[in-house]
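Have a look at the structure that comes next, please.
In this document, chain identifiers A, B and C correspond to the written order of the chains, with residue numbering beginning at 1 in each.
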Amino acid sequence: MSTALSVRNLRLYFSTRKGVVKAVDNASFDLRKGETLAIVGESGCGKSSLARALIRLLPRNVHTYSGEVLLDGVDVMKLSEEMFRRSVRWRKISMVFQGAQNSLNPVLKVGFQVAEPLMIHFGVSKEEALAEAKRYLRLVGIHESFADRYPFELSGGMKQRAVIAMALITHPEIVILDEPTSALDVITQANIINLLKRLQSEMGLSYIFITHDIALTSELADRVAVMYAGEIVEISDAEEFYRRPRHPYAEKLMASVPTLRTDKKLEFIPGTPPSLINPPPGCRFAPRCPYAFERCLRESPPPYEYKTGSFVRCWLYHEGKR
Amino acid sequence: MSSRVEYGWRATLRELFTYKSAILGIAILAFLVALSVYAVVTIPYDQAVKLWRGSENVWINNPRNALPEWWEWFAGKKLPRTLVLDSRVTGFGVSKAVTPVVGTDMKLVTINYIIDYNYDDFPSEVNIFFSARYQKNPPLVKLVVQKPGGEEIEFPRFSLRAPNDSLYYSISKDVLSTLVSYYASKHGGVNVSDRLTSIELTFGRASREGLESGALEVEKGMYRVRIDAVCFGEDSDLDARIVVYGKVHGPAGTDNLRRPLEIALLWGAPVALAFGLTASLLTTVLQMVIATIGAWYGGVIDDIIQRLTEVYMILPFLPFLIMISAFYKIDIWVILAVVIVLSIFGGGIKSTRALVLSIKEYPYIEAAKVYGASNARIIFLYIIPKILPPLVPGLISAVPGFVFLEAALSFLGLGDPFLPTWGKVLNDAFNAGALYRGYFYWVLEPAALLMLTAFAFAFLGFALDRVVNPRLREM
Amino acid sequence: MCSAMVSKRLIRHLVIRGVTLYLTVVVAVYLTIIIANMGGKVDEFVLGDLYTRIYEEVNRNPQYRALPGPEKDKLVKQMFELEVKRLGYDRPFIERSFIYLRDALTLDLGRALFMLSDSGSRLVRNIILERLPNTVLLFTTVTVINFFIHLLLGLYLSRHHGSLLDRITVALSPTSTIPGWFYGIFLILIFYTWLHLLPPSGMVDVPPPPDPLSYALSVLKHMILPMLAWIISGFFLGVYSTRTFFLIFSTEDYVEAAKAKGLPPRLIETRYILRPSLPPILTSFALSVVGSWGGAIITETVFQWPGLGLVTWQAIQYFDTPVLVGITVIYAYLLAATVFILDIVYSLVDPRIKAGFAR
């Protein structure tokens, strides 16, 4: 079981007129080869920022960008922009964006856009690249005649598939999927998830699957990471997570998801997430946590490895209260 | 969550004032409005038109093409003002004596003028206007000019040709030859340069070298001009008015018809403002109504409006305007009407129509239809208030265009023929070759005012656009 | 990408567009005739022109040369009335107007009252068309120059948005509400009246230099001020608009996706920012071209540039009615042609149109 990606102490802060936004605060996790790591959390918790941080898509007002990201033993954070572009982007890590419909350039043909990474990164000729693009389009279930069409001629679901084809054509090791299905209807959603599963086993890919929809992750995830207010508060094996989430926030999350077969009283979490500008000292969930005690409000809990490879940031576990 | 986005007029205004350009625009606008009010109040319309037509020698006492008085500051020397001395007006510098000749019905009339000349430059012109009363024989007049040094130059006698005759001293050939021969003989047969004018010979310090080279300096001091006249007849009389024209006049100078430019400049302000605002307002409102009707009723009406809009794009606006102004007698109101008619199916309709189309689908519009609101009610109570705000910046930003349109038309000589507008001043200046003759102020002053007006509305309109259009704000 | 995949449907679309535009020209010209003839002006010069032609014909004809004056006049009058009936000029106004319309559309614009073309012809058509190339030369050059200035500087500013240069451009964009001819007046004041550096009027030195090279240089020298006037006028708003366009377009999702794909920054700029933003940039460019035709009249008057605009002004001065009507007609054609050309370019650039007709 080797590690595809190893992230340590990743930080991404933005400067805004109102202060410094700590979008990703000290995130650390491992991604194993061939596995799907789901990152769940509510809107604004920093998951998309984390994705962007990994592929170094930084806005103009970045304040801090630090940490260690080990890919095949190389810390890619230390690479220059040009080296990163040439060796990491799309070659090691590719990405399927949220609202992928808009990831396609409206004035370029679909096939060309899918083929583009091959031409740029591997110097493949246009004809060969287009042929390969058609192959991948077939792979994701789009008829190859669509390669000659423009994005506006494809439906939402087809565009999503095209973007997935685009993300795979360079055979990267890792694919980050940021809410790949949130703009689609449920049926198409299911189809895409099945597609992703098939491709993962066929091509030996590792996925980082980012979503706010916990139910969705149960299909794909091998492990689940929960983000809250910019921090990763729990990483558990999927089976374990769905049965028994460790972190109080994760607990509350699972309690709010309706289940099919059992009769469940749905709960909600009172209060709102803290502002990422001046997060409270101590545990960020403490103000809303039903189990919070005095230490929670004072100190921020470090990760507690309750099982090999599984972590939870909660004083309850450090102090053996759970 | 921190600050809420504020809506409403007061909030918009408050945000507007954070833009320096908007404040500047409003300030200039206030100035122009003040100017307009001043113009309309001090010189009523009819009077302005009459004055500007300049008939009956209304401006005869003004210098031609005089610079504005403030130019002195840049020129660095004292530039001459116009001096008028009239024998009918008692005052310092003029005296008149009438002596009957015993035993005849002749009278000797002597008029003395004292001119204390202290300027650093020559006058531009000198004219003497006579006003005589006689039965049969006109008076016989002799003119004597005494320079500060005491020397006198006598001009040969001449008789008036009419009761209101004038002696155009500065351009009269007789006067010039008298002066030349005077100086020639005085300085021992010197060859007087033919570059020297009567004015320079009269008011200049004559020296041999100066006369030959044609460059004389102004001789300051007390000049005396005497008119000795013999009048024939019991009731005969003679009055004369001497005008020594300066080189500067008024806050804005004069044009080639001696009209003081400040009248046209002042009156141009209310005309420009009224024309620009009215045209822009009416065009915007009409376009809004048309676009809304088209978008709301859809179908054939919408199609017709669309086709009309396309035709309008091809209509050559300015040539049409020119053709109409050239062929038919028009005044500013007709121009305004034509401009509006030529604009109402213009480009603004497309965007407004798109906006109305999208609003039409809103749930609350459907709800209004359901509870039985009439079309008119929906249009006026729901739709129009929603599309008005985005139109306001465009309205204001369009004003300069209309102002320049009117100016362009006047500049071509096709505008209202009686109204003194800035464009008309430019037209006069251009036709008189102001650019080639160096009468820059004649062109600069109306141009500067036009530019100020444009800036005022443009700054205000652009700032408003940024306030009303949130997307532009971030940019 | 710019493969000339011009499908039949695309051609059909353009043909339809062309016909529609032509129809609008017909409407515009018809309006011109109606308005011009409200005071009977068109009747006047059409009939006057006819009479003169017949008179000249009769005089030239050896058969009639021997005829004494009054007899000749009677003959001319007879022939004139015959012609009037034949050509239908005595019909009611509605019918006449369509006859005039046909004439105008075929550019049979009659003869000028006073003016002469450069080649000595009295035909209105020649007077106007001979001067057309000069106008095209000046205004097309300026428009092209402006297009590239706005594009390149707008691109540069969008990359450095928020900088001092950017803020200055935004603040000064209202200066573009002032038309070019107005700046032209100031430029003449500065560069000719004050500095005596550049010529204030005309297209070429008088007398014109004999050899082509110095002729061309002389023309260029005369083009500097009018072009500068329009460059200054359009500058700040033009750069501001394209910069805003680029800003909006560079924040599009697909640009970020392109960056994530690892495409080099230069490529992203040309393929992902420039190309998609061309259609709206072309639209505003189209509007400015159409607007510049209107501004030509005053500009050429100010600079005495021998083009369409100056002909207009001269026609106004001389009150040469047929020329004025002819100018309006030619302008309608010009505008329609410009819109049509821009339509073609637009449909080639925006694949949504190109492809939409290929299916």
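What we mean here is this: contacts are C-beta pairs under 8 Å (C-beta built on N, C-alpha and C of every residue); 3 or more make two chains touch, one makes a residue touch a chain.
On a predicted model such as this, the values are computed, not experimentally measured, just so you know.
Compare each chain's C-alpha centroid with the centroid of every protein C-alpha atom shown, and the nearest one belongs to C. Ranking every chain by how far its Cα centroid lies from the centroid of chain B, the top place goes to A.
Rounded to whole angstrom, the centroid-to-centroid distance between chain A and chain C, based on C-alpha atoms, equals 57 Å. Taking the mean of the C-alpha atoms as each chain's centre, chain A and chain B sit 71 Å apart.
Averaging C-alpha coordinates per chain places the centre of chain B 32 Å away from that of chain C.
On the side of chain B, the complex with chain C involves touching residues 21, 310-311, 313-320, 322-324, 326-328, 347, 397, 400-401, 404, 408, 411-414, 426, 430, 435-436, 438, 440, 443-444, 447, 450-451, 454-455, 457-459, 461-462, 471-472, 475. Those residues of chain C lying in contact with chain B across their complex are 20-21, 24-25, 27-28, 31-32, 35-36, 38-39, 41, 161, 171, 173-175, 177-179, 181-182, 185-186, 188-189, 192-194, 200, 244, 247-248, 287, 290, 293-294, 297-298, 301-302, 312-313, 316-317, 319, 321, 324-325, 327-328, 331-332, 334-336, 339. Of all the residues in chain C, the ones that touch chain A in their complex are 1, 252-254, 256-264, 267, 271-272, 275-276, 350-352, 355, 359. If you check the complex, the residues on chain A that touch chain C are 55, 57, 85-86, 88-91, 94-95, 97, 99, 102-109, 112, 116-117, 120-121, 149-150, 152-153, 163, 166.
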